[in-house]
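Going in written order, the chains are labelled A, B, C and D, and every chain counts its residues from 1.
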Amino acid sequence: MKSIVIGVIGADVHAVGNKIIEFTLTNAGYNVVNIGVLSSQEDFINAAIETDAKLILVSSLYGHGEIDCRGMRDKCIEAGIGDVLLYVGGNIVVGKQDFNEVRERFLAMGFNRVYPPGTSIDLALKDIKEDLGD
Amino acid sequence: MELKNKKLTETEFLEQREKVLKDWPTGSDPALDLSVAIDYLKQVPEHKNFDYKLRQAKAEGITMIQPRAGVPVLEDHIRLLRYLEESGADFLPSTIDSYTRQNRYSEAEKGMLESQKIKRSLLNGFPAVNHGVGSCRQVFESVNLPVQARHGTPDARLLAEITHAAGWTSNEGGAISYNIPYAKSVPLEASLSHWMYCDRLVGFYEEHGIHINREQFGPLTGTLVPPAISNAVAIIEALLAAEQGVKSITVGYGMGGNIVQDIAAIQSLHSQTEAYLHKYGYKDCNVSTVFHQWMGGFPEDESKAMGLIAMSSTVAALSKTTKMITKTTHESFGIPTMEANGQGIKASKYIINLLKDQTFPDSERLLRERAQIENEVDSLLKAVFAVGNGDLVQGVIKAFEQGLIDIPFAPSRYNMGKIMPARDNEGYIRILEFGNLAFTEDIKAFHRDKIAQRAKFENRPISFQLTVDDVYSVGKGRMVGRPGNRKA
Amino acid sequence: MELKNKKLTETEFLEQREKVLKDWPTGSDPALDLSVAIDYLKQVPEHKNFDYKLRQAKAEGITMIQPRAGVPVLEDHIRLLRYLEESGADFLPSTIDSYTRQNRYSEAEKGMLESQKIKRSLLNGFPAVNHGVGSCRQVFESVNLPVQARHGTPDARLLAEITHAAGWTSNEGGAISYNIPYAKSVPLEASLSHWMYCDRLVGFYEEHGIHINREQFGPLTGTLVPPAISNAVAIIEALLAAEQGVKSITVGYGMGGNIVQDIAAIQSLHSQTEAYLHKYGYKDCNVSTVFHQWMGGFPEDESKAMGLIAMSSTVAALSKTTKMITKTTHESFGIPTMEANGQGIKASKYIINLLKDQTFPDSERLLRERAQIENEVDSLLKAVFAVGNGDLVQGVIKAFEQGLIDIPFAPSRYNMGKIMPARDNEGYIRILEFGNLAFTEDIKAFHRDKIAQRAKFENRPISFQLTVDDVYSVGKGRMVGRPGNRKA
Amino acid sequence: MKSIVIGVIGADVHAVGNKIIEFTLTNAGYNVVNIGVLSSQEDFINAAIETDAKLILVSSLYGHGEIDCRGMRDKCIEAGIGDVLLYVGGNIVVGKQDFNEVRERFLAMGFNRVYPPGTSIDLALKDIKEDLGD
C-alpha cells in the first residue's frame, strides 16, 4: 500500500475536509498518514520520511496558505526528500483571487499540483493515481 | 490547586492581569490602566453599547444583524466597517486573524506589516493585539455602532483587555466553543482558566457600572452539530460567565437546516439558558440569542449562495432570535470583498424586516422537537455536573475526557471524537454513532430509529458514508445527502 | 342566445374555428389542419409533455420550476429558452407581447420587424401569432422541456390554436383571470366565450388521446388579493375548463407574504379545487397547483430582490405546490436579461431542492386559516351559483356585475372595484372595504376585527391609506405598511 | 384647483400605480382627471383640452412606452395645446437600460420630464409644484 501524508498547514484548524480526505483516500486503497490540523512544514516532512511517502497533500483553508507554504520545497530538499510530490488545495489564499495567478505563485514555490477552492478530493484522485502509478 | 467554577477574587484577577499585559508590548499601553479604561467606557453612548442595543431589540421583539469582517490594515479595516454600517448592519464585528488566535503575535506582526507593504491581505483578520488600544479606539470612534471582537482564541485575555479598553463592548467566545473547534492541543483546563479571566474582566467592569456583553460561539464546528450538544455547551458557557459576574449573555446556535429543528433549537436555547441560570442562582442576567446563518460548506454559485443566505434569514426571522450573523456569496471561495459582505447584509436585513411581524406557529412537531432537545440537554448537563461532583469546571474537563460531551468534526485532542452525526429522512440532525455521549437509552433509541428510517428509505446500510454525504449535501444543493446526489 | 356553461358541440367548435383561423394570415397554415396537428402532437415525447411532467412531480411530491420569458425575435427567443433550460428550469414559458394580448397583430408585426432591424427589443414578449406555427415549432424543437404560452389575453383563440399545433402542451389563462386584470373594456361574456373555445380545443385534443394542460392565472392583479378571492376564481376557471373536456388543470396562487396564509391558501386551493370538480361531476381531472413568487412591486436593490425570490421559494417548498413561477432581480426595472433570469432560476431551484424533504407542520393557526379561506371560498361560490340560477357562466357574469366577486386594483370596467384590501397586524391580507362582496356577516366581522386590531396598534384611523401603504410596503422592505416606514 | 390628466398609455393595463397616483395627487390638492389604463395619445389630449389641464402625466409600465409615446408632442401641437407639459414615468422602456440614454430619447420626443423606474409619485410632486406654480 502506498503512503500519502495529509494534514492542514499552519495555524489552520479546519478539520472537516481533512477527515473526509482521510476517509476517501483510505477507501481508495492508500495508507493515509494523517497529521491533522495545525501542522508545521516539519510535521509533514517528518511524517513523509518516517512512512516513506512519495506524496504530501497539504490542505490550507483559512487563507494564510501563502505564508505557511513558503520554503516548503527547500525544507524537503534539506531533509533529503527533494523529489517528494507536493500537492496543495483548499482555500489557499485570502479572498476570491484570479486562480491562474495563484497557481503560478504556488508552482513557483515548488508545489507540483495546486487546486482551486471547491475541488473536492474525489476530483484529485485521478491525479494521485496518475502521479503515484497504479 | 484544582480549577473550580468560582468567581476570581479581585486580587487573583489583578495579579493574573499583570502577567497578561506583559505578553506583548501593546499590553503596556497606559490606556490599559483600569481607571483610564473605565473612564473611556463610561463615555460610550448607549447606541454604541452592545448590551443596551440587545436589550432594546429584545424589548421590541426584533432581530438584529451582524456580519463577520476583518482585514489586517487599519485604514482598510475602518473603511470596511463603515461600509458595512452603511449597508445596514446593526452591530459591527472585528474578525481577528488566525495567528492572533493562537497567540502567535510575531507572525501576526509579520503578516500585518507585509500586508501594508504589498497592499494585499496576507492575514485573514484584524490583528487587534498588534494594533493596540490606540488603533482599536480609532476603529471604534470611526463608526456609529457597537463593535465586538470575533475570533476563536483559546487564550483571549490580552485581546479582551485591549479591545474592551478601546470601547468594544462585546467579546465573542468561550472556554469550550473557542477551544474544541479552534485548537488541537490546548487543554480544556487552560481555556477554562483563560475564559474565566475574560469573563472576570467583564464582571469587573460590570461592578464599575459598565455593561459589556459576552457572546458564546454556538455553531462549534459548524458541521452537523446536533442542537442538544451545541445548546448544552452554550448553557455551560453562560453559567461559567455568570459566575464571573457577566450580566449580558448571548448564547448562539448555527443553523442546522431543518426548519422545525432550527426554530425548536433557538426557542429552547433561550428558555433553557434562562432556566439554568436561574436554577444556579444567577437571577439578573440579560439573555439573548444569536442565530448563525448556515455555517457549513456553501455552494459555489453566487445566486445559490444568496438563496441560502435568504433562506437562513427566513428561519431566523421566524424564530425571533435576538441577533443573526450573516454570510456572503463569496463564502465558498475566501474572505469576501466589502461589496459582497454588504450584499449579504442587505438581503438578510430585507428578509428580517419583511418578516418582522410573523412568528412560526406552535405545532405538535415543533413542540415535540423542543421537548426532545430539552430532554437531551438535561441529560448532558446532568452528566457534566455529576462527573464534576457538582463543580461545573471539573465537570466540563471530565465530561470531555470521557466523551460524555463530544463535538463532531472537532480538531481538538481533548475531544473524544467518537460521535458521528447524520440527518434523518426529513433533514433533522440526529446521531448515528454515540461514542460515550451522555444520552439516556431512550434518547439513543429515538436517534437510532430516525437514522434507520432514513437508511431504509435510501436502501443502504447505516454507516459513516451517510455522514460524509451530509457534509457535502448543502454545498451540492440538498439537505439530506442522498446516495443519488453524490456526483451533483 | 344566452351563454351557458355547456360543452361546445364539435360542430359548434369547428364552425367557430373556421372564423378564428381567419383572424390573421398565419391562421391559414396547413399545419393547423387538426389531423396534422394531432399527428405532430402525438410525437411529442413524454418528457416534453406538460401534463406528463406535472403528474410525475405530483407523484414524487416535488416542486417544479418555471420562469417567465419572451423576446420578439425568433433566434433570440430560442437562445433565451435554451439558456433557461441550462439554468435549471423544469418547464419553459413563452411570454407573449402585449399587442398580441390585445389581438393588435399589426402593431405586434411592426414591433417585431423593427426589433429585428434595430436589434433591440421593442416588444415585451414573443408575438407567437405573428410568428406562426412553423416558428413556434422551431422553438419547441430547439429545447428539451415542455413549452407553454403565458400571456394575459382575453381572446386567445388563435394564439392557442397556433401554439398547441406547434407542440406547446400547455396554455395559461382563463375567462376571468386573463380578462379582469388584463383588460379595460372586454365584457366577461366575451372572454368566457373565448376561453370556452380555448378549453374546448384542449378537450378536442384530449378526445384524440393528446393530453394538454390548462393553467389558470392565480395572482390576478398581483396586488393584495385576498386568497379566498383568487382561490374562488381559480376554482371557477377549473370548473369551466373541465366542462369543455380539459383533464389536466393547474390552479394558481400569487404569494401574499404572510407565510401561514400562503401555505393555507395553497393547501386549500388544491383540496377545494378537487372537491368542487368532484361535486360537479368532473371526476377524472388531474389537478396541480402553481405558486407564483411575490407578484407585487419588487425592491430595486438586486440583493434584496434575490432575498425576496429565495424567501418566496422557501414558502413554496414548504407548501409542496406542484410548480413555482420564478421572478428575477431585475423585476422592478424591466424585462430581465437572460442572465438575470437564469440567476433567479438557480437560487429558486436551489432552495426548492434543499427543502425537498420538509413540509410546513400542521398547527392551530394554519388549520384555522385554512378553514377561514375555505369558508370564504364557499361563501363566494354559493353566491355565484345562486345568482346564475345554477349556471356558472351566467353566475360569473352577474356576480361581477353586482360586485359579489370583486378583484382589487383591476383595470376592467366589468369589475365593481369597490373592495379594498389591507394587511392585518401579522401581515395576513384581509379586507377593509367589502363593496358588495358575497361574504357572510360572520366573515366580514372577522375581517373588520383583524383590520381594527392593526389600526389600533398603529394608532390611526381605518382608511384607504392602509391599503396604499401596503401596496408600497414590500418594495420598501416591510410586509405591513406601517406609518413610520412611509419614507423608507 | 389645477387640473392634471393622468393615465396609462398604449396596450398597458398596469392599474395599481395609476390608482395610487390619483390618490396622491388628489390628496395634494389637484383636480385629477384619470383616464385610466389602455389609453391612446388622443384620449390624453382630449381630456387635457376638456379640462384645461396644463400637465399630462403619462404612465407606461409594460415596456412599450417608446413606441406608444412617439409623436405625442406633434399631436398636442396639432390639437392646439402645443405648450402642455408632458411628463412620463414608470418602466418606460424594455429592460434595464442606461437611463441617461433613455431620458435623451424621450426628451427628444418632446417630453418635459422623464422619470426612471422606481420614482414614486411622491418624489415627482416637487417638480409638479414647481412647474405648475403654487
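Observations on the model:
Everything below uses one rule, namely that a contact is a pair of C-beta atoms (placed from the backbone, for glycine too) under 8 Å apart; a residue touches a chain by one contact, two chains touch by 3 or more.
On a predicted model such as this, the values are computed, not experimentally measured, just so you know.
Counted as hops between touching chains, the shortest connection from chain A to chain C is 2.
Between the contact lists of chain C and chain D, the overlap is empty.
Taking the CA centroid of chain C as reference, the farthest chain centroid is that of A. Separating the CA-averaged centres of chain B and chain C is a span of 45 Å.
In whole angstrom, the spacing between the mean C-alpha positions of chain A and chain B is 29. Each chain gets one centre point, the mean of its Cα atoms, and the points for chain B and chain D are 54 Å apart. Chain A and chain D have centres, each the mean of its CA atoms, that are 66 Å apart.
Taken as a graph of touching chains, this assembly forms an open line, each chain in contact only with its neighbours along the path. By the contact rule set out at the top, the touching chain pairs are A-B, B-C, C-D. Looking at the complex, you find that chain C touches chain B at residues 257-260, 299, 301, 303-304, 306-311, 313-314, 318, 342-344, 346-351, 353-358, 361-366, 425-427, 474, 477-480. Note for the complex: chain B touches chain A at residues 97-99, 101-102, 104, 107, 110-111, 120-124, 152, 181-185, 221, 223, 296-297, 300, 330, 332-337, 409-411, 464, 468, 471-472. Remark: chain D residues 10-13, 15-16, 19-20, 23-24, 36-38, 62-64, 66-67, 91, 93-97, 117-118, 120 touch chain C in the complex.
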